[in-house]
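Heads up, the next two complexes both have chain A, just with different partners, chain B and then chain C.
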Partner chain A sequence: MPAPPHGGEVTIRPYLVGAVLALVLTAIPFGLVAARPLRPIQIFIVIGATAIIQVVVHLRYFLHLDLKPSSQNKLIALCFGAVVLLILVGGTLWIMFNLNYRLM
Partner chain B sequence: MTDAVTTAVGSDEETEAEEAGRAIDQRTYGFWIYLMSDTIIFALLLATFVVMSHNTAGGPGGHTLFRLPQTFAKTMLLLASSTTFGFVSAAIAVGQRWRVLAWLSVTFLLGLGFIAMEISELYGMAVAGAGPWRSGFLSAFFTLVGSYGTHVSVGLVWIVLSGCEVALRGLNPFVVSRLCRLGLFWHFLDIVWIGIFSVVYLPGIL
Partner chain C sequence: MLGKLTIDALPFYSDIAMGGALITVVGALGVVALITWLGQWRYLWTEWLTSLNHKKIGIMYVTLALIMLVRGFIDAMMMRTQQAVSLNLQGYLPPAHFDQIFTSHATIMMFFVAMPFLVGLFNFVVPQQIGARDVAFPFMNSVSLWLTASGAALVVVSLVIGKFSAAGWSAYPPYSEAQFSPGVGVDYWIWAILISGVGSILTGINFLVTIVKRRAPGMRLMMMPLFTWTALCTSILIVFAFPALTVAAALLGLDRYLGMHFFTNADGGNVMNYVNLFWIWGHPEIYILLLPAFGIYSEVVATFSGKQLFGHKSLVYATAVITALSLSIWLHHFFTMGASPDVNAFFGRVAPLIAVPTCVMIFDWLFTMYRGRVQLSVPMLFMLGFIVTFVIGGMTGVLLAAAPDDVMRGTTFLTAHFHNIMIPGVLFGYFAGYQYWFPKAFGFQLEERWGRRAFWAWIVGFYLAFLPLYILGFMGMPQRLDRYYVAAWQPYLIVAEGGALLILCGIIFFAIQLAVSIRDRAALAISTGDPWNGRTLEWATTAPPAAYNFAVVPHVHGIDAWWAVKQAGKAGYRPARFHDIIMPGDSSAGIVLGGMSFVFAFAMIWQIWWLAAVGGLGMFSAVLWQTFDDNAERRIPASEVEAIEERRSIAPAFASRAPM
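Moving on, here comes the complex of A and B:
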C-alpha cells in the first residue's frame, strides 16, 4: 500500500490512545466540580493542570506534533504563538485587574 | 474496494509525487500558521471573558446559567468527533474511500449534535432574559461561545463539501491534502474547547 502524500504512517491506534487519555483528563475536572471534595482554589489548580496536560495530549496524539525534525517548523510557530498569547493575555489580565483594583 | 492514493511507478512519476508532497507540506504549514493566529483570537476572547466575568450587573451569573451535565455532553460530542476524524485520517492512509466517507459522516453528525446543543443552550438563555444585552459578563460569554459555534459550523460545511469531493473525485492527492487541513482545523477546534470549558464553564459552575 503506498504511503499518503503528506507522509507518515497513520493508524487508528494513536487516536484511540489520545481519546482515552483525553477522556480521563476531562473526567477528572468534571468529577471534581460535581463532587467538590476539595476547596475551590485546589479544584481551580486541578482544572488548570488537567487542561494544560490535555492540550499536550491533543497536540501529540491528534495533531501528531512531536520533537522530530519533520514537525520542527510547526513547533517553532506554536512556540511563537504561545509567546504572543502569553504577552497579550497576561498583559490584558494584568492591566485590567490592576485598573480595577486602583479604581475601587 | 481500495483506491491507491499515489501511484509511484516510474522515476518521473516519483519526482512528480515528491513535488506534490512538498507543495502539500507547504500548504499544511501555512494552514498551521492560520491556526496559531486563530488561537490568539480565542485566547483574547477568553481573556475578555475573564475580565468581564464578575460584571453581571445584577443579572444571572455562571452558577445559575451553566449546567454541568450539558457541558459534559458537549465536551464528549466534540472529543468523539475529533476521534472519528482520526479514523478518517487512518482510512485515508490506506486509501479506503467508503470508510473515509462513513467516518466523515459520523464526524459530521457528532459536530451537528454539538451545534444543536449549543444553539438550544444560547437560545434558552436569551429567551429567559439572559441574552448578550443583559450584562458585560453575558456579552463576553455570547461573543466567545458564538464565535466558537461559528467556527464549528464552518467546519461542518467544510466536512460536507469535502465529503462530496471524496465521493465525486476519489482520493487524489489534492483531495487528500484538503482533508488533511480539514483534520487540522477540526482537531484544533477541540483544543480550543478545552480552554472554554476550563475557563468559562467549570469555574462558573464551581
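Moving on, here comes the complex of A and C:
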C-alpha cells in the first residue's frame, strides 16, 4: 500500500463527493438535451458551464489539486494544459462556427 | 446467441481474402505448435508474457511492431501490384477488397507498427538513459502492451472473420456511418482504435511521470539525453492528442450502435466536427512518431561521429517548439472543407513554421558530423539516408501547407509526401534505433553486411516506389484508385511496383540479418555493455542489463554522463558493498486484461451481448485482482545483487560514493 501523499490520511469521502458531483454534472446536460426545456443557445451555455465545472471537480476531488503554492510543477502543468485546451477548444469553436456560417 | 456472427462471416467473397485468412490461421497454429513442440509455454508465460520488466516489455512491443510490419507490407505490395496491372481492367482484386486493403494498410502501419515500435524503444531505452531501475508504473506498462496487442489482434482477426473497414484509415463520416457501411468493418476499426488508444494514453502518462520523477540524482532537465527529451515531448503530445481520437471514435460508435447523430448530415449532426476532432489528434500524431526518431538520430550521430552532440540546447528547444506548434496547426489537413479565407490563411501561415525548428535540427546533426570521426555503421547509414531523403519530404510538405495549391490534395502527391515523411523520417529512425540498441538488449551485435544490404534495398526501393507517385500526383492521379483508364500513368506505377519489390528485399534482408546474427552470436558477442563507445547512461549497464539496470544508482553531473565517467577513468568502479533492491514482481493481470478486452471488443463488434458482459467483467476483475495483490514487489537481496555483478564482465558504473 503506497503511503498517502503529504502524509495525510486518505479517506473515501472526497472520492464519493466527487463521484456524486460528476454524476449530477453529467445528468444535467443529458436531461436538458432529452427534454429541451430551454432554447438551444441556452442549453449550449449550460452544457459548456457544466463541462468546465466537471473539469474542476475532477481536478479537486480525484487528482487532489488545490491552489496552495506548495507545488510549482503542478501549477506549470496546469497552466500548460489550460493553454493547450484553449487552443484546441477555441480553435474548434472558431473553425466550426466559421464553417457553419458559410455552409449551412 | 451469436449476434450477427454467422458462417457467412468467413471470407467466401474472394479467393484472395480466403487465401489470406488461411495463411493467417495456419501461421497462428504453426506458432502455437512450435512453442508446444519446444515445450516453452511455461518459460514464455513466466519470463515474458507476465513480466513487468520494462526491458522485456520493450522487446515484446518491438516484436509486435515487426510482425505487424510484415502484415502491413503485404497490404502495400497487393495495392502496388493491383495498380501496376489494372489499366482498363479489373485487376486481380475486386473493388470492395481493394478498399479494405488500403484501410488496413494505413491502420496497421500507424497504430500497430509505428506506435508499438516507438513505445518499445521508449521502454527499453528511457529508464536506462535516465539512470532509473524501472518506469513509474510497471503494471500500467504491461496493461498498455496488452491493450495494444489486443487492438492488433482485432485487425488481424478481421481478415479471417468478417471484413475490415473500407472507409479509409481516417473513417470519415458520412461513409463510415451505419447507413452507408452497415457491415462490421468500421466497428472493427473503431474498437481497434479505442482499445489501442487507451493503451497509448496510459503509455504517455507513464513516460511523462517516469521522466519527470525518476531521473537519477543530479540529472537536471537540460542534462537529459536527446532521446529522453523527445520521449518527454512525445508523451506530452500523446496525453493531449490521443483523447481527441478516442472521443471521435467513441462518438462515431454511438452513432452506429445507438442511432445518435453526432456526425450525421441530418438531425443536428455535424460531419465536419469529426474531421476536426480526427486531425486534432492526427497532426500531433505525426510528431508523436517523428520526434522519437529525431531523438534516435541525435544519439546515433553523436556516437558515430565520436563527438558531443552539436547544439544540445538548441535541439532541446527545437523539440519543444515542434511540440507546441504541432498542437496548433491541425486545420491544414482540411483546407478544402470550405472555411473562410481568414481561417485558412491563419493555419496556412502557421503550418510551414514547423520547418524552422526542423531545419535547426538538420543543421545541428550536420555540424555534429563536421570534423568528427564518422563511422559508417548501419545505424549511421540510416541516419544519412534520412537526412537526404527527409529534406525532400519536408519541402513537399511546405508545398502542401500552402492553402492555394490545394489541387494536389487527394492525389498521389499527398501519398508520396506522407510516405516520404513516414519511411525515412519515422521508420528509418526506428530501424537505426533497433540496430543501435540491439546489442544492449541481447549481448551480441547484428551482422553488418546484411544490415548494409537491407539499408540499400530500403532506400533505393523507397525512391523507386514514391518518386513516381509525386509525378503521378502532378499528372492528376487520385489516391486509392483500384483501376484507371489513363495509359500514361501505367509506366510510373510499374516503376513503383519495382520499388515495392526492392523494399520487400529490404525486409527479407533484415530477417536474414537476424537469423545470421543468432547463428553467429558467439562470434558477434560483445565483451562489455558498451560496444559503440557510447556517451549516454544506457551504455553504463551490462548487456543484456540486469533486471535492476544499475546496482548502484548513478549520480549525474552533466550531459553525456557515461562519457564523462569514461574520461575520468572511473568506468570499472565497483562499490564496496551492495544493498537490497526492490523491483516489481510479475503479474498475469496485464495479459488477462488485454485478452478480456479482446473478447469484449470482439463481442461488441458482432453484437454478442452476453459475451460482451463476460469480457467487461473479466477486464474489471483483472484490475481488481491486481489492486488487492499485496505481494506486488520482489526484493532482490544484496547477496544476489553481488553475485550477479560478480558474474558480469563489467562492474556497475559509478556511484554516489565514487571519488569523482
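We take it that the second predicted complex is superposed on the first by the 73 of 104 C-alpha atoms of A that agree within 3 Å, B and C clash if a C-alpha of one lies under 4 Å from a C-alpha of the other, contacts with A are read in each partner's own complex, and residues count from 1 in each chain.
By definition in this document, a residue touches a chain if its C-beta (ideal position, glycine included) is under 8 Å from a C-beta of that chain, and two chains touch if they have at least 3 such contacts.
Nothing here was measured: the structure is a model prediction, and the numbers come from that model.
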Would you mind checking which one, chain B or chain C, touches more residues on chain A?
B
Regarding the shared-chain residue A:Trp94, is it in contact with chain B (first), chain C (second), both, or neither?
second
State whether A:Thr11 touches chain B only (first), chain C only (second), both chains, or neither.
first
Can A:Arg102 be said to touch chain B (first), chain C (second), both, or neither?
second
A:Asn73 in the overlay: touching chain B, chain C, both, or neither? Say first, second, both or neither.
both
Is A:Val84 touching the first partner chain B, the second partner chain C, both, or neither of them?
both
Residues of chain A at both interfaces, chain B in one complex, chain C in the other
1, 73, 81, 84, 88, 92, 96
Within their complex, state which residues of chain B touch chain A.
2, 4-8, 17, 20-21, 24-25, 28-29, 32-33, 36-37, 39-40, 43-44, 46-48, 50-51, 68, 71-72, 75-76, 79-80, 82-83, 86-87, 89-90, 92-95, 173, 176-177, 180, 184, 187-188, 190-191, 194-195, 198, 202-203, 205-206
Please output the residues of chain A touching chain C within their complex, sorted ascending.
1, 73, 81, 84, 87-88, 91-92, 94-96, 98-103
Please name which positions on chain C make contact with chain A in the complex.
212, 240, 244, 270, 272-273, 276-277, 280, 327-328, 330-331, 337-340, 342-343, 630
Contacts from chain A onto chain B in the complex sit at residues 1-7, 9-12, 14-16, 18-19, 22-23, 26, 29-30, 33-34, 36, 40, 43-44, 47-48, 50-51, 54-55, 58-59, 62-63, 73-74, 77-78, 80-81, 84-85, 88-89, 92-93, 96-97
